[in-house]
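Pasting the structures here.
The same chain A turns up in both complexes below, where it pairs with chain B and then with chain C.
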Partner chain A sequence: MTHKHKDGGHVLHVGTLARVEGEGAMHIEYRDGEVADVQLRIYEPPRFYEAFLRGRSYTEPPDITARICGICPVAYQMSSCWAIEDACGVAVTPEIQALRRLLYCGEWIESHALHVYLLHAPDFLGYDGAVEMAADHPAVVERGLRLKKAGNRLMEVVGGRSVHPVNVRIGGFYRFPSREELRGIRPDLERALEDSLETVRLVAGFEFPDFEQPYEYLALRPETGYPIESGSVVTTSGASFDVRDFATRIEEVHVAHSNALHSRLDGGVRGPYSVGPLARYTLNADRLCPIAREAATAAGLGATCRNPFRSIIVRAVELVEACHEALRIIDGWTGDGDASVPVPARAGEGYGASEAPRGVLFHRYVLDGSGIIQDAQIVPPTSQNQPSVEADLRSMVGAWADLDEHALQHRCEHAIRNYDPCISCATHFLDLTVERT
Partner chain B sequence: MTSNPQGNNLQTSSRPRRPKLAVWKFASCDGCQLTVLNCEDELIPLAGAVEIAYFPEATRAVVEGPYDVSLVEGSITTPDDLERIQQVRRVSRRLITIGACATSGGIQALRNFADVAEFRSVVYAHPEYVATLDRSTPIAAHVPVDFELRGCPIDKHQLLELLAAELQGRTPRIATHSVCVECKRRGNVCVTVAHGTPCLGPVTQAGCGALCPTFSRGCYGCFGPQDTPNTRSLADRLAVHGMSEPEVMRVFRTFNAASEAFLRESERHEPTTGSLEQGER
Partner chain C sequence: MTGPAGTGTRGPLVVGLGSPDRGDDAVGRAVARSVALLLPGVVVVDHEDPTSLLDLWDGHDPVVVVDAVRSGSPAGTLHRVETGAGGAPVSPGAWARTGHGGTHAVGLSEMVELGRALGRLPARLVVVGIEAECFDHGVPLTPRVAEAVPEAAARVCLEVGTALQEGAGDVPR
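Up next, the complex of A and B:
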């Protein structure tokens, strides 16, 4: 929808952004052919998680914060577990950490397959959605659904169900799956690995606009392997810090047009920073398994990727990584040892972070001596990416000023979907308004 | 946008056209509408049996209403949404609510027990930018609802049964008995009897397949109260198994905190100083 502004400016407004998770709108104002303002308006209603977590028990955040997002509940469960275990001074066993990583692989497969095939591919292939796309590309949509199903099945076997898994607790799991249960899903994951490699080939053939952005990237980097369930923080400006320092390095700012807080790194001196697949890949490409690295090279990805439209290729490469990693963990799984370690309550502050499919998700909790939560802070990836999304739109809309309204709106939506925004998470996103002369 | 009319098929042969399906979102996590997309084997056949006319999470295409079936996710928490749910009702022949947020107010109904102005200032530096109501309420508190599908999240098999029943014009086979029945049927050993683990199974509606007890944990009530829940008796058992009064209050005060039976039981275990809200309901 567009309308003329009273001073001769022009507005483009998209009321409900489609194929994103949650509710948001986009508002772009032009004056004298120049972009005057770009806002992602997040009108997803606030649910006040950080407020009602106060007074709850330290055992509850994995179940409660999972409900922030139905697409990435495991991310919330894992970041909250790390943070509370940090506050209580407890470390989990290597088996528990391996099973956390396996469950998380399931979420990456489910979430990336959803985004690549159902939400993002229709932009590149020219359809309104995957169902419409299925009429002309049935094999493509079937592959996407098969991949998504494999991720969901993995989550069901490890976590009980794919939306809000029930098997995660502070200290580990309620029960370990048996070797046989995990081996049972091996054939699906082998097929998923093949499907992921085919996905990389498919998306590498899409057309991408020439568009590069200089943002600082921020991602986790673990001691070994690609960052999924844990790691410490690294950035492309060379910064490197412990998860415990995120609260002092990352500042949350409340802007009028959004129910999601914006994030700034080191006071915003180096401009917006960005998290997610592009950041993870740029900072950790050396950590990909050989098959994923070969697929990335064959798809034309170099050591870094700075074109947000090509994030779909990186997601596909990460699908390969997640399937391969899941198979590796399953093959090494014995099911021996206790499914959880005891976590006695103690007063303290704890920090946790993990790589949600959309980027780093930080949690911080302050507990009293009996384990009651005194303060909670949650910094989701979409809040961190919101300034980059707005900066992308600002640079792109200028170049696309000659497009008709309909085409411009579609391009802008596509640019927003590059980030796989999760508005439910961020409000804890999108309606498009463009104003121009 | 095209609507491919006359795409009639087998499952709806008695109907002159495919019924129009709409999916709406209010305050929620997206998990219940994601459950529609999680029907991987059924999604394409479903899109053949119904016309997916409005489903922003899945498609940009919008077919104008009225709609034959509307699935509504989420609870009412903002002044705008009070208006929007009335519009949704007006354009929907059948309105079905899906999930704990839509059927009971969801986890965000924890604000109902607190001062929302204080909540807003805990999360937001500029509370004045945020428009919100002081209570989170289920859809049925505002408009007539034709069927409520429970769960946090809903169960995929129950959703498919419900949609099939809608297409066939029959009553859906959705049990309203307790999780205990499902648990026995599954052959689980009772976690409470055998291990003393506190469990809300006896008062919680079935539908999940007794997932938590199958994973050696007590049910935490995410499907809300079953049709005849004896919460008081269960609360006594929870105390016997070592739960303190605040713990009993919290266990009834999660994803279905504002559902009548769980609300009343949680209020019985409030600290005496904190019972100011009781008279309000």
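Up next, the complex of A and C:
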């Protein structure tokens, strides 16, 4: 819808942005075909939670912060557990870490399947949404739902519930699943692995705009394996630092147009940085399991991927990785040992990070001697990616000046969805406005 | 795929949809809890993720989904949309009266129409929406929405009862 401006320009209101998790607003302003301003405004619930956590017990963050997001609760649980355990000087057993990784695989499968099939694929196949796509490609949509269901099942068996797992606690889990329980979901995951490989083949055939960005990528890198539940921090500029240093390396700054904080790495001297599948893949492709690496190569991915639109391919490859990894952990699971380790309270500061499906999620807590939280900091991936999303749009909208309004809306939404922004962690709608003068 | 009305083998289902921690978004769950007390023989579940609906309602008939909606009506206003397998898609105008049938990223309206496209819609599906006012984190239902819960629960019971009288499904004993 176009509204005349008093100064002769006009504002294009392109409505609610669909298929993005959450609520926010995008404002694009350009003059004479040149982009003058791009602003992403999102409501940032972690700020509410940071305040809410102060004065609570150190045992509560996994349950409380899981409520920030219905799509990535495990990420919030894992990052908060690592941070509290770090503050208390406790390390968990290899079995507990393996089960955390397994639970996290469930979240990756669920979240990536939802995004690839119901949210992002319609952009590439030319449909307004999954409903329209389902009419022509029912088997494709059914495959996506089947994959998501496999992730849900894994979350239920390990976490006790598919949306907000209830089996996670500081120090580990309330109970370990039995070997039989985990073996019971193996057939679903074997099918999911096949579906994931089919997903890579599907999305590799999509057409991608010729668009690359030089952003610095930041991801975790564990001692072994692909980064999921833990690791230290690495970047494409060669930086490498412990999670404990994130608070000094990553600065959160207020921007006037958003409730959210924007994140800057090392003072922003190298421009925006980006987290998520492209960063994980670029910094850890050598850590993929052979079957995922083979699928990536067959899909045309090289050593790095700098086209945000191709993030859908990386998500599909990560589906393969998560399914394969889940099967590997299940096959080695004995169910022996204690489900948790004691975590006695002590005064201190602790840091934790894990790879949410959409990128690194940092937590920091300061505890007093009785375990009461004095300070909490949560740096979610979406706020880290906000500057990159804005920079992408700033680059692209100029080149799309010839598009009609409907096509422009679609392209903008598509570009935002490349980052799978989890504003839901925020709330409900993203209104997109384009101002032209 | 669910067959014609009355062939759902798992009986009626009531789903309360929404997040328990997002203010009025929890109203669907609150209504579902009331319905569970009023209709002990009926399967009543609450859930946060609309994308699970196709699996949740598989084999059930009739199905009533209760959700918070946002359409601009006064808070607490009840909305109703009826559809089902074999019917025409719900018009955008009808969904608009329910604020598109939900407040979730992949919304109830999308999942209903996705179910129709995939042949996975119950024979009879009724959406009862309660106009919401506030979706803030960690706050309770707003007063006008909370006051609407008993009426909404009664409406859901009526929907289930009417469908049963018409022969769509049996209450498992």
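One rule holds in what follows: the second predicted complex is superposed on the first by the 411 of 437 C-alpha atoms of A that agree within 3 Å, B and C clash if a C-alpha of one lies under 4 Å from a C-alpha of the other, contacts with A are read in each partner's own complex, and residues count from 1 in each chain.
The rule we apply is simple: a contact is a pair of C-beta atoms (placed from the backbone, for glycine too) under 8 Å apart; a residue touches a chain by one contact, two chains touch by 3 or more.
These numbers come from a predicted model, not from an experiment.
Under the clash rule set out above, the superposition-derived model of chain A with chain B and chain C contains a clash between the two partners.
By the document's definition of touching, neither partner reaches A:406: not chain B, not chain C.
Touch criterion met: A:145 reaches chain B and chain C at once.
In the superposed model, A:134 lies in contact with both chain B and chain C.
In the superposed pair of complexes, A:57 makes contact with chain B only, with no contact to chain C.
Touch criterion met: A:163 reaches chain B and chain C at once. Counting contacts as defined above, chain A residues 19-22, 45, 48-49, 52, 67-68, 70-71, 114, 118, 129-131, 134, 138, 141-142, 145, 148-149, 152, 162-164, 424, 428 meet chain B in one complex and chain C in the other. Those residues of chain B lying in contact with chain A across their complex are 1-2, 25-35, 37-38, 40-41, 43-44, 47, 52, 55-61, 77-78, 80-81, 106-108, 110-111, 114, 116, 118-120, 122-126, 129-130, 132, 136, 152-153, 208, 211-212, 214-217, 220, 222, 247, 250, 254-255. Chain C contributes residues 19, 21-22, 47-49, 51-52, 54-55, 70, 103-106, 110, 113-114, 117-119, 135, 137-138 to its touches with chain A in the complex.
Residues of chain A that touch chain B in their complex: 16-23, 43-52, 54, 56-57, 60, 63-64, 67-71, 73, 114, 118, 122, 128-132, 134, 138, 141-142, 145-146, 148-149, 152, 160-164, 166-167, 169, 174-175, 253-256, 259, 261, 413, 422, 424, 428. Partner chain C is touched in their complex by these residues of chain A: 19-22, 45, 48-49, 52, 67-68, 70-71, 114, 118-119, 129-131, 134-135, 138, 141-142, 145, 148-149, 152, 162-164, 424, 427-428.
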